[in-house]
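Below are two complexes that have chain A in common, paired first with chain B and then with chain C.
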Partner chain A sequence: MSLPPSLRQSVTPPELELIACQQLVEIVPLISMEKTAFISGAYGPLRPPHRAKIPIWMAVNLKQKKKCHIIAPVWLTVEYLQQKLTQETTQAHFTQLPFRFAEISRVLLDVASDDLQNPDKLRTLLKDLREARQAKARAGLENLEHSTLGLSNLSAMEINEIRPFFIQAMAVLGQLQPVFNKDRNTV
Partner chain B sequence: MVYLPPPQLASSSRLSYSDAYANILKAHRQSPLTSAASVIILVAPDVDALCAARMLADLFKQDDVMYRIIPVSGVAELERVRDELITVSELHTLILLNMGAILDLPSDEWFGDFSTKMSVHVIDSARPQNLSSLFGGGEAGDRIVVWDDGGAEELEEERKAWEALTYEPLPDSDDDSDQDEEPEPEEEDEDDDEEYEQRSGKRRSLGDGDRVGKRQRVEKERPRRMTHDEHDMYSARLEKHYMAGTWHGQSAAGTIYILATALERVDNELLWLAILGLTYQYTTSRISRSYYETYHAIYHDEVFRLNPPPPTGDNAMISLNPDDLSVRATEELRFMLFRHWTLYDAMLHSSYVASKLGIWKERGRKKLTGLLAKMGFSLLQTQQPYSHMDMDLKKSLVTKLGEIAPEYGLVELSYPSFMRCFGYRSQPLSAADAVEGISALLDVAGGLRMEVEVEGSRNGGEWFGGGKLWEATGGSRDTGRRKREERENIPPAGAAAVSNKSKRIGEGEEDEDAQAEGTKEVQWWVKNFWTAFDALSDIVPLRRALNLSMTVHRAIIEQGTSIIDKQDIRTMRNHRVVVLTQGPHLALFSHPGVLSRLALWLVDALRDRLPGTTVSRRTKRKSLPFVVACLNESMQSYIVVGVMAALDFGDVRKNEFGLAFLDAKERCNARTRHGSFDTSVLEINQEDLKVFLETLCEGPDA
Partner chain C sequence: MSNWAAQYNRSRSTHAPAALLQDEEDDDDPMPPAIEQEPEPEPEPETPLEQLTRHWMNERHAPDILPVQDDLLGKLLDHIRRQSDTIQLLRGDPSTSEEEHIRIMLAQTEVERVKFVVRSYVRTRLFKIESYARYIVANEDVQTRITTAERDYASRHAQLIDRHFHNSVLQSLPESQTALDDTPSFMPSMVTEPDTRRAVFAHALRNTVARTPDGKTIDLAKGSLTLIAFAAVAELITRGDVELV
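Let's turn to the complex of A and B:
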């Protein structure tokens, strides 16, 4: 999601990534830890080899120090994404995907690719999904009008990508609107 | 202090590596204001120490220990750093990598003055080790921890001798003890002369005090004194330990790998770095082939333990998928960087092939093409870059070489080694190539104008005369951008300052200002160190460094062949001496690392053509002592490197040049300086060279 500086009027992708990392993910810890209080809440205790749910930021930290193994979320598997991809390419509307799937999948693939099954196939599928959805988003923008824009099942990154554009476009359309009516009234 | 045995020899009463490491962690966690200066790692500028530093850094990062890495180029630099560090009060762990084994660390000149809470860990592959560091006890000695590879177990006799000579009073006869004290000063370190004089002075005064003051008490309290014979025996023992010459033990990277195994935290990264350390020791003739094979077997098992079974057939040499970071075992040929050059070039530039076939003569080159033709490689194929050669030729290369090369006298062309895949970012890289790249970066990444060949410039490629200037910062794009950014950020008046600064950041241009040159001189090896450190973990700069390494090798070959052609090798008594005073690559060879490589190349090239000579007064084994000197015009001095080579390929001899240099320097009063930790490298004033060489070659008996 590369935005030229002129369009950078909203949240940047790294910020979205940070927000996404608040979500919980399941891990298999390799060290033990008592129930510890953090700012966002209390997590733990970690008792290997039992699984535990901790925020992604903490899981990434532990993983980089080789102190845990991250378990892939349900949707980050080849079968699930393959299924979604076929749905995406056959239907006209967007398929249901986790809201922040792009950020979470990127983080997990960067840090824990050895814990995931078939990571390069996952990368290919995610890329295909993005391209299919991008095509649909472009097509949907043709229906842009001044008051509402309905694109359901869009993910956080995709919304963020088109938000600067459609806000400005809708503003311009809104300005054009009363002029059109005034013209009609005078005619 | 008490040295640390490796974990397999440890028991509950004897600590080992993991206990020392746990102590470091504990000290770090207990110090109230843990700052970044509490754990400091001093690293010598060679590939082995670099790998060990990287491994330690990774282990520390995983344990949340803040550390600092400081590169140190030589003993003088170590002294300077030591003086700085003595003021740092939070320092509680100092780790020395590939330096300090021969230094008497508990003494006051080194670390005797530091606080008792501080500990010094010495992880050094150089042998022999200083006995007071190993065995010294007491408050000063307890701070020094030497991580040993098991070799110190066999030093029982030396330990007794050392303890006897240090602690027990000397024999009290009036007439002989003066002479008895003479051998003792010589048996200590082989370092700077000030230390030498100081030590002998101290020794004498200690001995005198003991003798006079203790005589009365000794007669009453201890019924047994050392006899003269025992004293002589002990002194001889210690002398033998120190005077046998220098050799190398387990690599520093290997030691850290054993630590990681004891902590059960090994992974592919650490294994790869340990392999690099071992390969470096082997390719620079620091260890013999049999020693290499012992360690290789260990790493081979580790590779199989940690990696999925390697693919066979067509996929054996490529990465399977973008996340493939596995290490695989391969057979490595003795040709330098052969996968990145043309096959013909690689064989031409390999010292072993050069020596057997006599490459510097036209006849020898014909033999080489004949050999290649016999193996079924057409001339056109061998002149292609290796990656463009036919696949079936590449696969059959090793087997064909094994069959046909012995006819030409080339045996033992391959040795078992490893290679690593880097996903799809690059072709798999072999350990030897990686070592070559890193050492090229360490030696010449900055501070010299190096022209690097652009691929495709031969055979009428697109860029005629295609040489590109080497830039360590990642290509002209980066430096150009940096220069532009700098110009933007400074006020208009500072344009002149910017242009000066950017000139210095880029390649090393000759700077008239002596002071600027001084700072540049100090910093070029620090910059090189960090460039090489970064390249250890990032494949892209490492790949680029291979081009640089090829340039260095080409220069070495050119110089070497011209030396042999011009018959520049003088025989002075037992030694062969080469003095370089002119040539296109003089600036390049004033670096000790590159000069040592030239010396090794010459030794390999001339191995069969020169008879061995007996140089050492101890053993009767023949060896090939070689001394190479190169003029450094800007500093008005010569860099001298001494290499003691064995007669057989793959064998090593102990290098006695450290002692020989000191000896010769004593006798002819030359002005010299030991610039690096390697005692066989010396810097000497221009005028003193001739006299020095003559004294050196006369030998100590003259």
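Let's turn to the complex of A and C:
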């Protein structure tokens, strides 16, 4: 009704992309533009060939009209991801990655694959990283108990994937646990 | 062209141009190993849009209704209206150049994005109000967290549903069975309450302490992610120490 059933349980990936695209990315503009006031802040001036920082949604828009070149963020390089992948496969806990790396890398690979070095290798590395982390998340399910679970360094998309299942599992475990409720209203 | 400059000056006076500098979300990005020794830079204050995005996500994940942010909403709605007026003005003006068209297009895209977030926020709240309409009408505490308009909406919705049930089914039942707020033993009451024991993913923005319904106290380090009952972090969310992810 107010909220369609598909949105009631969880956040959808396109919504996560919307939030991720509010972050800034560096570009090399091909057109010039004065400093403009948008609702999220003022961006510009764009003076080619100087670099500028603008939100990802703006960069994607300009890139699709062939008016800029996107510069890859520091973490979207083969060396960095390779290093993280070896760390991920050797350690038991999750390595630290940018919180919204899955959404941002998908958007940039879709739109600006010619601006990134070696996009196919990047795609394979990201896929391997995702599989390694998913395996760890599944293993972490064993530690699930009825009250809390600490999971640092998970990214937004991964949390979204495991959310429905983990929440339900915790609810069931909570029901199995005897609860000493003196008064229903105390929290 | 002067409209943009005037707007820029006005927006500059109201909030810092945080967009040109690192915004708060970038603090999650790890620095490359060479510079790891530097102390963490102070996060810039959040822009209104970032605040609304945070409240929107909190509202989506929380099982209960969170306090309404009507002044934040009001500010953003004013800003949207001003931007739309400027866009209309510049579109109608025949002297706009090619570069101007790009700026107009970008501004329009952004207005649509912000309107989406505002709409989704209001819709999420309305959905929760509709689900818990009778509970809201009966409970004073929740009424402090919603606007007057939302409260009226809740009571009208509850009355409509009651009348519908009466006219369709309940009037044919014997008198003692026609109540809609029974509390039978061993079963949850007929008035649905928000389930505050549901687990949520809490991301701590500052070092805080959470108290679970079982009585355990949990330390939340800054930047950590915990799966915890909503009741334990409800106050921390209101204070802004924790956000739901």
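We take it that the second predicted complex is superposed on the first by the 170 of 187 C-alpha atoms of A that agree within 3 Å, B and C clash if a C-alpha of one lies under 4 Å from a C-alpha of the other, contacts with A are read in each partner's own complex, and residues count from 1 in each chain.
Everything below uses one rule, namely that a residue touches a chain if its C-beta (ideal position, glycine included) is under 8 Å from a C-beta of that chain, and two chains touch if they have at least 3 such contacts.
Quick caveat: nothing in here was measured; it's all calculated off a predicted structure.
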First (chain B), second (chain C), both or neither touched by A:Gln22: second
Chain B versus chain C as contact partner of A:Ser113, first or second or both or neither: first
Which superposed partner A:Lys66 touches (first chain B, second chain C, both, neither): first
Contact breadth on chain A, by residue count: chain C or chain B: C
Chain B versus chain C as contact partner of A:Met33, first or second or both or neither: second
Residues of chain A contacting chain B in one complex and chain C in the other: 65, 67
Interface residues, chain C side, partner chain A - complex: 1, 4-5, 7-8, 10-12, 15, 17-20, 22-23, 25-26, 28-30, 32, 47, 49-50, 53, 57, 60-61, 76, 79-80, 83, 99, 102-103, 105-107, 109-111, 113-114, 116-117, 120, 123-124, 126-127, 130, 196-201, 212-214, 216, 218, 223-229, 231-232, 234, 245
Residues of chain A touching chain B in the complex: 65-67, 113-114, 119-120, 123
Chain B residues touching chain A - in the complex, by the definition given at the top: 61-64, 265, 267, 321-323
Touch list for chain A against partner chain C, complex: 1-3, 7-8, 11, 15, 18-19, 22-24, 31-43, 53, 55, 57-58, 61-62, 65, 67, 73-75, 80, 96-100, 147-154, 156, 159, 163, 166-167, 170-171, 174, 179, 187
